[in-house]
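Okay, so chain A shows up in both of these, paired with chain B first and chain C after.
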Partner chain A sequence: MSAPTLWILLPILVGSFTLLLLRERTVAVIGGGTSLVLAGIALIVPIDEALRIGPLSLKIASTASILGRSFILPPTDAPLLVIIFGMCALWFFGAEAAGVALRLIPLGLIITALLVASIAVQPFLYAALLIELAVMTAVPLLLPSNQKPGRGVIRFLVYQTLAMPFLLFAGWLLAGVEASPGDLALTVQSTSMLGLGFVFLLAIFPLYTWIPQLMEESSPYAVGFLLWLLPTIASIFGMSFLDRYAWLRTSPGVLAGLRGIGLLMLISGGLWAAFQRKLERLMAYTAIAETGFILLALSLTTAGSLDLFFLLIIPRGLGLAVWALALSVLKKENGALEFSSAQGLARAYPLASAALVLAALSTAGFPLLAGFPPRLALWQGLAGESIGTAIWFLVGILGLLTGAVRMMAVLVMQKEETNWALKESWIQRGMLSIGIIGLFLLGIFPQIMRPFLESLPLMFQHLGR
Partner chain B sequence: MLAVILAWIAVILLLATSAGLILNSDWRLDLGLLAAQYLGAFVLAAQHWPVGMAAVKLVTGWMATAAIGMTLNAFTSHEERPEQFWPRGRAFRLFMVGMVVVLAAAAAPRVETTIPGIGLPVVAGGILLIGNGLLHLGTRSEVTRVIYALLTILAGFEIIYAGVESSILVAALLAVINLGLGLVGAYLINAELSPEEEAA
Partner chain C sequence: MLILISILLLFVTALALLVLRITRPEFRFAWLAALSGTVLAWLTVLLWQTQLPSSITLPAWQPASLFAASPGLSADGLAWPYAFALATLAAAILLTSSVREDFPNPLVWAVEISVCGIGLMAVTAANPLTLALVWAALDLLELVVMLRASKDSGTSERAVIAFSTRAAGIILLLLANAIGAAAGKPVDFSSAPPQAGLLLLAAAGLRLGVLPLHLPYRSESSLRRGLETMLRLTAAASSLILLARIPTASLESPVTPLLLILSAVAAVYGGWMWMRAPDELTGLPYWMIGLASLATASALFGNPTGTASWGIALILSGGALFVSSLQQTWLNRALWIGAWALSSLPLSLTAAGWQNNTSGWGFFLPLFLTAQAFIMAGFVRHAMRPSTRAPLSTQPVWAKMVYPAGIGLLLLIQFILGFAGWDGAFAIGAIPAAIAASLLTLGLLWAAPRFPFLNPVRAHWIQPTVTSRLDQFYQNLWVFYRWLGRLTQSISNVLEGDGGIMWTLLFLIFFVLLITQRKP
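On to the complex of A and B.
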């Protein structure tokens, strides 16, 4: 058996099978269980090494060949597979509580498999095609067939589709730059193409308008899943470019550009979040600011830049999952999520409200929560390189914090004398409690992430060494 | 020589079809134009790819067209809503198509020098489709139009990319993307038109 068969083909097959099922619970158990097993295999079974279990010898080969091209998942990718499928298990088990299991799990498994394939494909440039396939698969996930398509889903499709040609052309031009490094015009053309491709793909300012629109139109849980997975994989794809081309990763202009755009994303996301009056849009702008954190981590010139990037992944995934689940619970029960109609919801849905506030505070880097350690490390790294950048970073963080505090104020605001109740279902209570405990655990004991993170930089031949 | 003449005929066909898609509003004619557009794309892709591989583009393009066509056919009474943006109207769109033609004529020789050996008709055809696709995307907002525009842009990109990349995997993935976009388009069109039909 090969690693691509196990972590790409198998999720596609299971995802396709679960499309036929009609019971949310069954789909959640199969989807979550499959993801958990795949994460477990990635954790326990070494790739490209024979594992002896009694008389049996098991070996997972790293390479599979399809249509003359290789899909490679080397042993250095195993920790990433553990994180991706482990987080997917969390999202899929929570999907039943969010009421979207029948759509999220089948399509989510297929999307995850396609995005893992985009990490595995050689040459890495072809990842753009696989990401586009994942984007198209995401459309039915975001839009139930009985709902009219809004602007958000159309813009999502358009922007993500436009990214692909730019990235493929950029890859072709970059090969030319490598052959003749002195050709300035070609360098400018390829960098511009690459930049435009990633501006579309990562929804960089000002092309992120679809995120808040989509958050209002679609299930917050489905959108949250995509907002976690797509930028994570797209960033790893972007890092492959930096790893492959020495002149890109050593160019001061590219690093300055990454930092500038990262700050712009963080500040604009933070400021918009501070003034939002809808809970869904608040989450959307926070997700935008999260992309800013990723770009800022990549812009650091210190050796720990890559470690910092990977340190952001798990708290980001957990924070978005908790936030999206809590929003889904409130949206399902309350309908509208404007501040005016969400007043006092904490009395009826205390767990969902607490999860919402804690996830928002975690994203803003509040102490004792999952987001605190990576943000502190990032802030420290930025301060070491530029005090101005560190100050602007603080402005963005303050915006996020303001949004979180305003949301908390609205949720606990009491319209009239109402008694406390616990209206969440038992499965919602269970999943929200696990999420809240996870936020505190990662905040108080960030070292528990270390076994997964320490060897991740080795995925990249040059960046990580 | 015959191949070059054929390639230029394909470029003229692509100009006519992509401009027709922007100017026309009858869905049956649109589908015919889209199908003809894939014929032109096939001829230009065949300049660099083996005919069998280029034919994949034609077949998947027609399959995507058929998927959209079958969906639209189920909603016989649907009419396109007037655009909300100004300026609009056929004269404006015709003028903009003219601008794209001028732009393509000016840019094609320069792009050809960047990609040596690709051939002027291939570059011109690709730029025309990308330009008219972007114009379509910028001036129309209906779901059907957005899908036509994306398919047009992708066809233009594929024509040029065929000149620099001949991997079978890339050809297969691009074919799947075209087909997938057709199916996603059919899904979105169905979602958009269904409630109106029920209400009627």
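On to the complex of A and C.
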């Protein structure tokens, strides 16, 4: 048994199998259970080491060759696998409550496997192709068979696809830079190509217009899943470039660029969130701001920047999951999600509304909630390097907070006097409650993430050292 | 350890009340259970005295390289009187609840006790991080309570506005923290850079629970006297403790005189409005503005003990007045102890209020003394207005015993705190200032029946015919907000419309140009 077989091939096989099933609950249990088991194995069973259980000896090899390419998942990748599949389990168990289990779980498993493969593949440039495959697999996830593709889906596909040639071309140029490091023109060209590739891949301003459009066109839960997984893996892919090329990670220009783009994402996402009049679009702009936080964390010159990057991942995943689930519940029950039609929904759907507001506050870094500890550390880190950046950071946070407060006001301001009710189904109540508890737990005790995060920086040989 | 025991006792009691309410709605001894838990907690707070100063380090936030501080609690000579005052207030509210119309109401008691527990955490917060966390907990709890109580969209809106105002206070606290980090010195309660000190002051001001002035509670006075009193006074205590904690050196700034002027104006305004309020519950926000301004002034003059003395008076004297809902001659007379506690006379609770160690005091003192006199005169006026209250004699025998005990407890504690138990006890204070304020108060009490302008303002539900400047300011702000909203909407439409791709290409060209202009 090899690690790539277990964490790449197996999810693809299970995902393909669940495509044949018709019951939401069965699919949710199989998909969520598989993800949970895979996360558990990554947590317990060491890679490349024999594990003795009585007379039995179990060893998971780190390398496998698939279609002539090497896929390597070394022991240092195990914590990342725990997080990815653990979060997937959360998303998949919640998919039934959101009413999208039949589409999300099969395709979600395949997309996850492809993105894990993008981390494992050697030569690492093939990652761009695997990410592109994952993007193409995402199209049927976003688009039910009876629905015509909207502008958001098309732009998503176009922009993500455009990233691939730039990245491949950058990889080719970077090989040249390695050979002749003094060639300034080549260095500039390769940096430009790499930058353009990631501008498309991470949906940097203003290439993120597909995100709000997609949120309106497709299931919020399915889009939320992609908005969590794609930027996370794309960022790790980007970090592998920084780790590999010393001139890139030590370049003040690159770090300044990361910081500038991070701020642009945070401020534009925050500002636009403050003025949205639709609940789905608000979530879209918040997700955009989340990417800004990731880029800002990477731009820090301190040794803790990598710790900070990984500290952002779990709260981000949980926050988006809770937000997307709550939004799906409200959309399913209420239909339209414009502010005008969402007025007073908190009286009928208090748990979904509370989850929505808490997830939004968490993203804005409100204390007690999951997003607070990483944002606090990030803000302090930025302030330590530049007070101006810290002030702009505040502007972005204020935008997000304004969006959250506006949403709260809309949800609680009923048009006429109505009594409180609890109209969510039992499964929705259960999943939303788990999510809300999780938001508070991570906000009060961020150290509980430590066992999963402490060895993650070892994934990179040079970065953060 | 005692800190934790007190807090846990309160939360366990609140949880037990909730569980009882769900599992055994007919349980008859809920009040007794609530009172027992609260009194036990009160006793344990009293026992803190044996271990002062003491602190508890909660599990540290990890990784340590990212978090300069971790949550912790500590009790000292300033935190203890606040904690004791809050525990006393909670016990008094439960004791006096026996005569309210909604008795028994275990759900409300559970909330009141939880608020007290959070309040104890706030006043014992060892660093700004802990304070931010506790403030957030208090805000969320208050938001839920207010939304549950609101009946129409207007009151819900005000609840959200109150929440956002306080959230802004938290942001200011965190900004102070960031500024400390920028100066290479994380902000804590022993040191802070000057800019951070002023931000902490602003954070405390925003969080006093004063804005918006009329919070959305139901009109039933039972809720207003119990829950609202607990929530608003706890919110005030959780902010005022920060004023007492701000390092004096960090408040030395060129804008300090300006802040003193603002405090003086706010104190006079609050005191004046409090004195002329139609009743004590309507005047509650002004009571808080007035006394909080005096506390702020003490902080600006580098007198943390004075700050704490005004803060504790706000809770104990105010608490005694706000929970009094029945008429009884001796109790009305006993409320004069509250006026004495506010007088800053030697050995009173606020005796340390006018002690200062900074120059420039004389210029501002008359304004603050005037405000103090307004507050005291208002206190006496509201305490001596028994005609609007039902008599105690109509209550059941046990309630006749329990209700005065609640009021008496609050009065007794403010009397005792004047003599012993904390840093500001047994103080002689500034005798001339105290005498001046007291004489002015007597003068105001003499003049009130004789001059109409000193009498209560018309009820606040009468809409003013002229739009105030503040309303105009809010309207202008709203217009700007909508303009900004339209601008972002237009940009979104352009980028998401048919021409969006062209704009994107243009952006890409700029992006490439930007990169190629600089060396990597």
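To be clear about the criterion, the second predicted complex is superposed on the first by the 461 of 465 C-alpha atoms of A that agree within 3 Å, B and C clash if a C-alpha of one lies under 4 Å from a C-alpha of the other, contacts with A are read in each partner's own complex, and residues count from 1 in each chain.
Convention: a contact is a pair of C-beta atoms (placed from the backbone, for glycine too) under 8 Å apart; a residue touches a chain by one contact, two chains touch by 3 or more.
Note that the structure is a prediction, hence the values are computed from the model and not measured.
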Partner chain(s) touched by A:Leu157 [first = chain B, second = chain C, both, neither]: first
Partner chain in contact with A:Pro55 - chain B first, chain C second, else both or neither: neither
First, second, both or neither for A:Glu454, with chain B first and chain C second: second
Chain B versus chain C as contact partner of A:Ser145, first or second or both or neither: first
Chain B versus chain C as contact partner of A:Gly335, first or second or both or neither: neither
Which of chain B and chain C A:Trp172 touches, first, second, both or neither: first
Touching partner for A:Gly182 - first (chain B), second (chain C), both, neither: neither
Chain C versus chain B, contacts on chain A by residue: C
Chain C-contacting residues of chain A that also contact chain B: none
Partner chain B, residues of chain A touching it in the complex: 66-69, 126, 129-130, 132-133, 136-137, 139-140, 143-149, 153-154, 157-158, 161-162, 164-165, 168-169, 172, 186, 189
Complex contact set, residues of chain B against chain A: 114, 130, 137, 141, 143, 146, 150, 153-154, 157, 161, 164-165, 167-170, 172-174, 176-177, 180-181, 183-184, 187-188, 190-192, 194-195
Complex contact set, residues of chain C against chain A: 59-63, 65-68, 129, 132-133, 135-137, 140, 147-148, 150-153, 156-157, 159-160, 163-164, 167, 170-171, 174-175, 177-179, 181-182, 184, 186, 484-485, 488-489, 492, 495-496, 500, 503-504, 507-508, 511-512, 515-516, 518-520
Residues of chain A that touch chain C when the two form their complex: 151, 155, 184, 187-188, 191-192, 195-196, 199, 206-207, 209, 212-213, 247-248, 251, 253-254, 257, 271-272, 275, 303-304, 307-308, 311, 343-344, 346, 365-369, 373, 376-377, 379-384, 387, 390, 394, 397-398, 401, 405, 408-409, 412-415, 417, 420, 444-447, 450, 453-454
